[in-house]
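Chain IDs A, B, C and D follow the sequence of writing; residue 1 opens each chain.
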Amino acid sequence: MKTLLVIKANTFDWLQAVFPDRSPLLASVCNKPLLEYLLDFAILCGSRHFRLATDMPLAKVEAVFGGGGRWGIELTYAPIRKTDDLATALQKNSRYCAGSRLLVMQGCFFLHYDKQKNYGPFMQTTAPGELLTCATGRILIHDATPLKTAPSPDGSPPPLALTSLRSIGELYRLSMRVLGRDARQYVLPGYNNETDVYIGRNVMIARSARIEPPVMIGDHVQIHKNAIVGPGAVIGRNVIIDAYSRIHHSVILDKTYVGEHLVLDRKLAGGRRLVDPGEETMVQLEDAHLLSTMRPSSRGRNRLQRLGHGLLAALLWVVLAMPYALLSFILKRQGRWRRSEAAYWVDSSGRSVRLTRVFLNPSGFCGRIAASLALDRYPLLGRVMRGDLALIGTRRLPATAANRAVIEADAGYRPGLFSYAEAEHWPVPEYDQDIVDRFHLAHQTLIYDFVMMVKVLLNKLHEETALCKSISK
Amino acid sequence: MEFQIQTRTDGPIAIAALSGRVDAANSRQLRRQFERCLKTTNRFVFDCQALDFIDSSGLGAVVTCLRKALATAGDIRLAGVAPKVKLVFELTQAEKLFTFFSDADQALASFADQHA
Amino acid sequence: MKERVTLELPPDLHFLRLAAMAGAEAARYAASAIGMQRQDVFTHAVELAVSEVFTNAVKHRRAATPAWHVMIHFGINAGDLEVIVKDRNPHFDLDSVPSPDVDAFPEDGYGLYLVKQVMDTVTVRREAQCNIVTMTKTIRPEDAT
Amino acid sequence: MQIDQQVMKNIFVFMPRGRLDAASAPLLRERLAAGDGGNMVLDFSAVDFMDSSGLGALVAGARRLRAQHGDIKLACIADTVRRVLELTRADRLFDIYDDPEAAISRFAPEKSV
């Protein structure tokens, strides 16, 4: 048995209208992409091949799903055109479709099934033709060869139903239904030690925060003091719920910052957008401290701050001068110290400066010491003293047009010699660090920066010793 | 953002039509005009029919106005708040401080009812 | 794990395949050293980027200049791969190269656009009469959902 | 690069082999231009790499043929080729089949009308 999913961009117009920057093919219910539910179902049906035929860009989907190896199936992709109907899509995949029973899914819908049931026999003995249909999609069985065995009359078929997806409201209600009622029917992401509580990896929950089931929390989430999450909360990946905020019966999409003292009740929020799924109204907030993106805080760049950072930098400059002179000299001779220059944006107004980058090879005794003292950043201390960079701040972005656009859109940019994410030892890809950086930027004070700076330096020391241990093993 | 004073049998009520955006750019102006009016009356209707957007400084100004009105035993009633503007009130819990009416006439009438 | 590999190739399309394949191999080496699950997309991205940049270097060769080589340098680090391509062509500014209007389906001009799409960072600088294109791509062991 | 060519049901079927890059694209461009309009199927089952030069040749070929009321259909593209088509959004320009026969038979009935 094979499965072919035919899904076109226009079936997601409703989602694009509200969240134009999010890939519709990765739209998820309870932190699990719709597509993954379909993959799971296909596997339950005994399908070992799954093909996605679509007119939408696939790069992001491919980055997540790859070749299907993680699910133990072969997942392939086929581009079709906007105007292609189902017959054309089948013809374009005729080689794939030939020679086997084929489960065809067409459109944008949610498929209700039960992971405990065995769908294999049912799928093999059901007569070809349309199986289920809803307003926005259908599933059918194609088979060129007649049935080998007659359909078994007895035994009720396993549960199977479609829900159409035409609006944010429907997507929201589906999330609430799966979380509150149907969770056991699906394989949901996260650890599940307690009934109705699913928690992802690297989740920080303050002691005074409260979690009220049913709740689902994605990976890399921070929930700060006195926040209340649940009942009925689906929190995506890379989300920060700041102090005293409450999330009830709501969905928070990936990469969202929820500020302090806010209440989200029966809402859906993603980035700066806040949606009331009942009324289907949407507002885009401009206040950084409310949702997601932060503006450069006026206190972030004031003179006192700069002076403080400059003085700290000067202190480091003096303390590290000897080790720097000695080690950089040795490492240069060993060919383990190379420097280059590149332009970076230094503030959100579009000013850029050329900064020295040092590539330090941390192998060998001297290399390890140099890396643990972060000597590769030493040449940039002068920039901190001059006020071009903060000692600790957000990740430095190279001066490219694309990054300029990023800085302008998400204005919480204060490039640092070190980034806050380094203090947190944030184990996620670069682009996810940004939200952590921005969080700290909103909370920073001079003392706070000093503490974070110490953390970074300790991390550097620890990282190197950990690396040595893993090498010596 | 004009405050108009309507004289009613039970005393004057000020109506302010908020339109477009209320944000950092004009929230101070709102507060100043409000305070000028406060000398005449402590009962206000903010007609938000044409209000498209409010940010936190705008919201802050409206809440400050409310506190001042309440301090003199008055009130501010909001009329015709669009759903998307109301979302911001809900998010920040400012919603609990205000009474909302579908249009300015009802908001005005509510003061009269109360009086009777 | 840090390795440096440098190739010097004559500015001739006969060596395009060699350049691109070297890119693919460097990427494969970097990816497997870190235990990356899905290497094919990463490897293909680097192969494509090297192919495009080398083609550019050959195409914009100044006919009158004496013999010179295109230098391709791979920096294989623990977390990312860095590719540096150096040529002696007339100055070119990355930001002044327009993106193709993909809706009009032009017949050319996709090269740098593709490079920017598949690599994480692309910068060009001018140094000692050379264009130095630096591209990096981060290796993510596994982006589990 | 080598480009095999045959005619099936009055349709030109080209089968390039190897890599479609700046070194080989001129050859494909030339072969596509040599066809006298009409319809073509490009069987890509032996192409494992294509960059922007190869893509340019394809787009140029498709434009020329379409101006003469013909068309190009692609068959059996590798993932690497598919990604280039997608990144440049050129996948919207071509019908892509996983079987050259299906592409040919899609042309054939249209011809007989």
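As a working rule, a contact is a pair of C-beta atoms (placed from the backbone, for glycine too) under 8 Å apart; a residue touches a chain by one contact, two chains touch by 3 or more.
Everything numeric here is computed off the predicted structure, so don't read it as measured data.
Engineer: Please list the single chain whose C-alpha centre lies closest to the global protein C-alpha centre.
Structural biologist: Central by C-alpha mean position: chain A.
Engineer: When the centre of a chain is set as the mean of its C-alpha atoms, what distance in Å lies between chain A and chain B?
Structural biologist: 41
Engineer: If you average the Cα atoms of chain B and of chain C to get two centres, how far apart are those centres in Å?
Structural biologist: Taking the average C-alpha coordinate of chain B and of chain C, the gap between them is 60 Å.
Engineer: When the C-alpha atoms of chain C and chain D are each averaged to a single point, how far apart are the two points in Å?
Structural biologist: From the centre of chain C to the centre of chain D is 27 Å.
Engineer: Where the centres are mean C-alpha positions, what is the separation of chain B from chain D, in Å?
Structural biologist: Result: the chain centres lie 66 Å from each other.
Engineer: For chain C, which residues are shared contacts with two or more other chains?
Structural biologist: Residues 40-41 of chain C each touch two or more of the other chains.
Engineer: At least two partner chains per residue is the criterion; list those residues in chain B.
Structural biologist: Chain B, residues with two or more chain partners: not present.
Engineer: Taking each residue of chain D in turn, which ones touch at least two of the other chains?
Structural biologist: 79, 83, 87, 89
Engineer: Which chains touch which?
Structural biologist: Touching chain pairs, listed by label, come out as A-B, A-C, A-D, C-D.
Engineer: Within their complex, state which residues of chain A touch chain C.
Structural biologist: 32-33, 36, 62-64, 66-67, 69-70, 189, 340-343, 359, 361, 363, 398-402, 429-430
Engineer: Using the touch definition from the top, list the residues of chain D that touch chain C in their complex.
Structural biologist: 19, 21-23, 49, 51-53, 55-56, 59-60, 63, 79-80, 83-84, 87-90, 93
Engineer: In their shared complex, at which residues does chain B touch chain A?
Structural biologist: 23, 53, 55-56, 83-85, 87-88, 90-93
Engineer: Which residues of chain C touch chain A in their complex?
Structural biologist: Contacts found on chain C: 2, 37-38, 40-41, 75, 94-95, 116, 120-123, 125, 134, 138, 140, 143, 145.
Engineer: Along chain A, where are the residues that touch chain D in the complex?
Structural biologist: 55, 57-59, 62, 77-82, 91-96
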